[in-house]
Amino acid sequence: MQSRYEKGLALIAEIDRSQAERIISGLADIAPDFAQYLVEFAFGDIYSRLGLDLKSRQIATMAALGALPQLKVHINFALELGCSREEIVEIIMQMAVYAGFPAALNGFAAAKEVFAERAQRGTASCRINAAMPASGAASPS
Amino acid sequence: MQSRYEKGLALIAEIDRSQAERIISGLADIAPDFAQYLVEFAFGDIYSRLGLDLKSRQIATMAALGALPQLKVHINFALELGCSREEIVEIIMQMAVYAGFPAALNGFAAAKEVFAERAQRGTASCRINAAMPASGAASPS
Amino acid sequence: MQSRYEKGLALIAEIDRSQAERIISGLADIAPDFAQYLVEFAFGDIYSRLGLDLKSRQIATMAALGALPQLKVHINFALELGCSREEIVEIIMQMAVYAGFPAALNGFAAAKEVFAERAQRGTASCRINAAMPASGAASPS
Amino acid sequence: MQSRYEKGLALIAEIDRSQAERIISGLADIAPDFAQYLVEFAFGDIYSRLGLDLKSRQIATMAALGALPQLKVHINFALELGCSREEIVEIIMQMAVYAGFPAALNGFAAAKEVFAERAQRGTASCRINAAMPASGAASPS
Amino acid sequence: MQSRYEKGLALIAEIDRSQAERIISGLADIAPDFAQYLVEFAFGDIYSRLGLDLKSRQIATMAALGALPQLKVHINFALELGCSREEIVEIIMQMAVYAGFPAALNGFAAAKEVFAERAQRGTASCRINAAMPASGAASPS
Amino acid sequence: MQSRYEKGLALIAEIDRSQAERIISGLADIAPDFAQYLVEFAFGDIYSRLGLDLKSRQIATMAALGALPQLKVHINFALELGCSREEIVEIIMQMAVYAGFPAALNGFAAAKEVFAERAQRGTASCRINAAMPASGAASPS
C-alpha cells in the first residue's frame, strides 16, 4: 500500500514537480519535518481526496490566498492542472467582489509575473488533463 | 438590450431568487443604491462574465469567504448551482490547508446550519444544471 | 496638569459616555488595567492628538473595523460626533470597493441595528459639533 | 449624459491622473475589462456619490488598507485631495489602536516611501481643494 | 506502535477530553474524516512534537486566534494545561499591541464567557502539570 | 520613580537594543511621537507587566504576527529572550494548524532570513535568561 507521503508525492509530481521540489528543498535546512507534513497532509490526505476534482480544488486555493505570496505558486499549479489564463483572470477578477479591488489588483500583479516567467521559460499553459477527478490523478495503479 | 441590472437579476433568479430577495429587501431601508450595485456589479458585470462557469465561480466565492457570515448564503447558492453536499464538504475541508483548522471548523458549522435549514424546508440539493458556462446562464435571448 | 487618564475620560465624555462606561464596566471584573489603557492610550494619547479632527478619526476607525463586533460601538460614536446617517451609509458602501461586498453587507447589518436601537431609545443622530479639531474637543482649559 | 466610465475618469483626473493611468495601463495586457470596472464602479459609481466628501472617502480608504501594497497609491491620492502630511501621519498612527502597532509601522514605512518619491519628483502635497463635496468634483457640466 | 490517531487522542485526553469530544461528535454527521485529520494532524503530528512544551503551544494558539469563535475552546485548553487566569488575561491584553484594541476586547468577552461557564460547572482552573514537554505528555507507554 | 518611557527603554535594552533603535530612528523623521508610544505603551505598559514571562509574551507575539513583515524583528527578539531555534521552528510549524500552511511557509522564509543574518553577524541564539518573569526583567532597582 502506498504511504501518505508517496501518495502526496505522486500527486505533486502530476501537478508541478519543479515548483514543489523548490518548496521542499527550501525547507530542508530549517524544518524538514514540515516539508513532510506538507506532502502528507496537504497533498496525500486532502488534495488526493475523492469528491472534488483537482482543478476545482486549485480554484478554491487561489481564491482563498488573496494577497499572500503563495498565490504565484498556485497560479502555476492551476495552469498545470488545466486552468486557462482566461479562467485564472476570471478567478482573480472575482476577488474584487468578495475581497475588494486591492486584493484583485494584487492578484493580477502576481498573475502577470507568473505569465511572464512562464513565457521566458517557454512553458505553455496546461500540461495534463486535470478535468479528471482527483481519484484518478492520485490512484497509484 | 438588457441593462446591467436586468442581467444581474436574471442571473440571480437562476441561482437562488429567495435568498437574493432577502438580501435586497434587507438593504431597502438603509442603502437601496447598494442593493442595485450588488445586482449590477457583482452579478450583472462579474458573475455573468464568460470564461468561467458559474459553479467554479461559486467554489471560488465559498473558498474566499472563510469565517464571514455570508458563507451560509453562498453554500445555498452553490447547492442551487449544482454543487453536491460532498463537494461543499471538500471545499470546506480544504480550508484547513490554506486557512487553518479553525476556518474549516467554522465552515462546517455554517454548512450544518444550511443543510438543516434546507432539510426543514424540504429543499433538495441541486436545482439546475450549473455545469454550463455562465454565458449560457446569463444570455438574455 | 491633566493626567492621560483624565484627558481620555474627558474626551470620551464628549463623545458617548454611556457606551464607554458600558465597555469599561465590562472589563472591571476581568481586566480593569485594560480599561485604563483603553482610556489612557486610545483616547488620552491618540484620539486627543491635534492634527486630525475627531470626525475624521471616527471615519478612519469605522472604515478599518470591517466585520468586527466593535463596529456598532463606533457607528454610535460617529453619530455622536456629528456624522449623519447618510455619511455612515457612504462609509460602509465604500467598504465594498476596498474590502469586498460581504464586508459592506456586514457593515449595513450593524448600522441597521444601531439605527433601530437609537430609534427605540429616542436618540437622534448628532449631539455635538464634531467638525472642530480634536484639540478643541480635548482641551481641558 | 456622461457614462459611468466618463464620470469615473473625470474624477480620477481630478485626483491623480498619473497614478491612475499607471494602474490602468498595468492591467491592459492581462485584464483590460477589470480596468474598466475599476473606473466605472470604484470611481464612477462609489467615489462620485454625494453624501461624503472626497477627502473623507480617502481617509476611509487609507484606514482600511492596512498593510496592503495599495496603501502607497492611496497616500498619494490623499495628498492630492488636500490631506496634509500631518493628517496622513495621524491616520496611520490611529491604526495602532484599531489594528495594532505592526499595521501602523507598515503604514509609516509606506508613507516614508511616498513622501521621499514626491520630494524627488518635486511634487508638493496638495493640489486641489478637496474639501468640496464629491458632487462638485464629479459633476460634468 | 501507536498510530497517529491514537497519539492524538491520547494527547487530547490529557488536555480536555470533553471539549474535544464535543468537536469531534459535531463533525460526525457532516465530515467525520475531518475529525480524524484534526486528531491525527493537529494533535498527533503537531501538538505532540518535542521541542516546545504544551503550555507554550497553547499560548501561541490563543494569540493567533484573535476574534475567531475557536478562542473559547482554546482558553479552556489553556486552563487545563496549567495557564492561570492571570496568564490568559495577559495574553489577551497583549493582543492590543499586535492586533489592536478591538481584538483584545473580543478576547476578553470570550474569556469572561469561559470563566463564567467553568464557575457554573464548578471547574477550577488547572488540572495537570503542563510545564512538562509535549514529549512527556504524548508518550504512550 | 521610573517613567513609562524609561521603563520601556530599559526593557527594550534587555531584549534587543539594536533592533529597537533601528525602528525608533526609522520613525524619527516621520512620526517621532509614535516611537514614544511604542516604547511607552507596548514596552513600558504591556510587555513590562507581571503575570506572564517575557519568553511567553514573545511566543504570543510571533504566533499572532503571521505573514506581517514585523515577524523578522520578533524572531530576533525571541532568540534574544532565550527561545531556541528549535522552539521558533515549532511555533511557526504550529501556524499551519491555526492559520494554514501558507502562513507557516511565510514564517519559515522569515526565520531563514533571520538565522542567516545572525550567522553572518556572528550572533549566537540566546543572550539572556528570559525564563525569569517579566517583573524581574523590567524592575529598575
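Which chain is which? They are A, B, C, D, E and F, in the order written, and residues in each are numbered from 1.
Just so we're on the same page, a contact is a pair of C-beta atoms (placed from the backbone, for glycine too) under 8 Å apart; a residue touches a chain by one contact, two chains touch by 3 or more.
Here the structure is a predicted model, which is why all the values come from computation and not from measurement.
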Graph distance between chain E and chain F, where chains that touch are linked: 1
Homomeric contact chain C-chain E: same or different residue positions, threshold half: different
Angle, in degrees to the nearest 5, of the Cα rotation that carries chain A onto chain E: 180
Mean-CA-position distance for chain F and chain A (Å): 34
Distance from the mean Cα position of chain E to that of chain D, given in whole angstrom: 43
Residues of chain E touching at least two other chains: 33, 37, 41-42, 46, 49, 65, 89, 93, 95-99, 101-103
Residues of chain A that touch chain F when the two form their complex: 23, 26-27, 29-31, 33-34, 37-38, 42, 65, 68-70
Chain A contact footprint on chain B (complex, rising order): 41-42, 46-47, 49, 51-52, 56-57, 59-66, 86-87, 89-91, 93-99
Interface residues, chain A side, partner chain C - complex: 95-103
Chain D - residues contacting chain F, complex: 67, 89, 92-93, 96, 101-106, 108-109, 111-112, 115
Chain E to chain A touching residues, read off their complex: 33, 37, 41, 45-46, 49
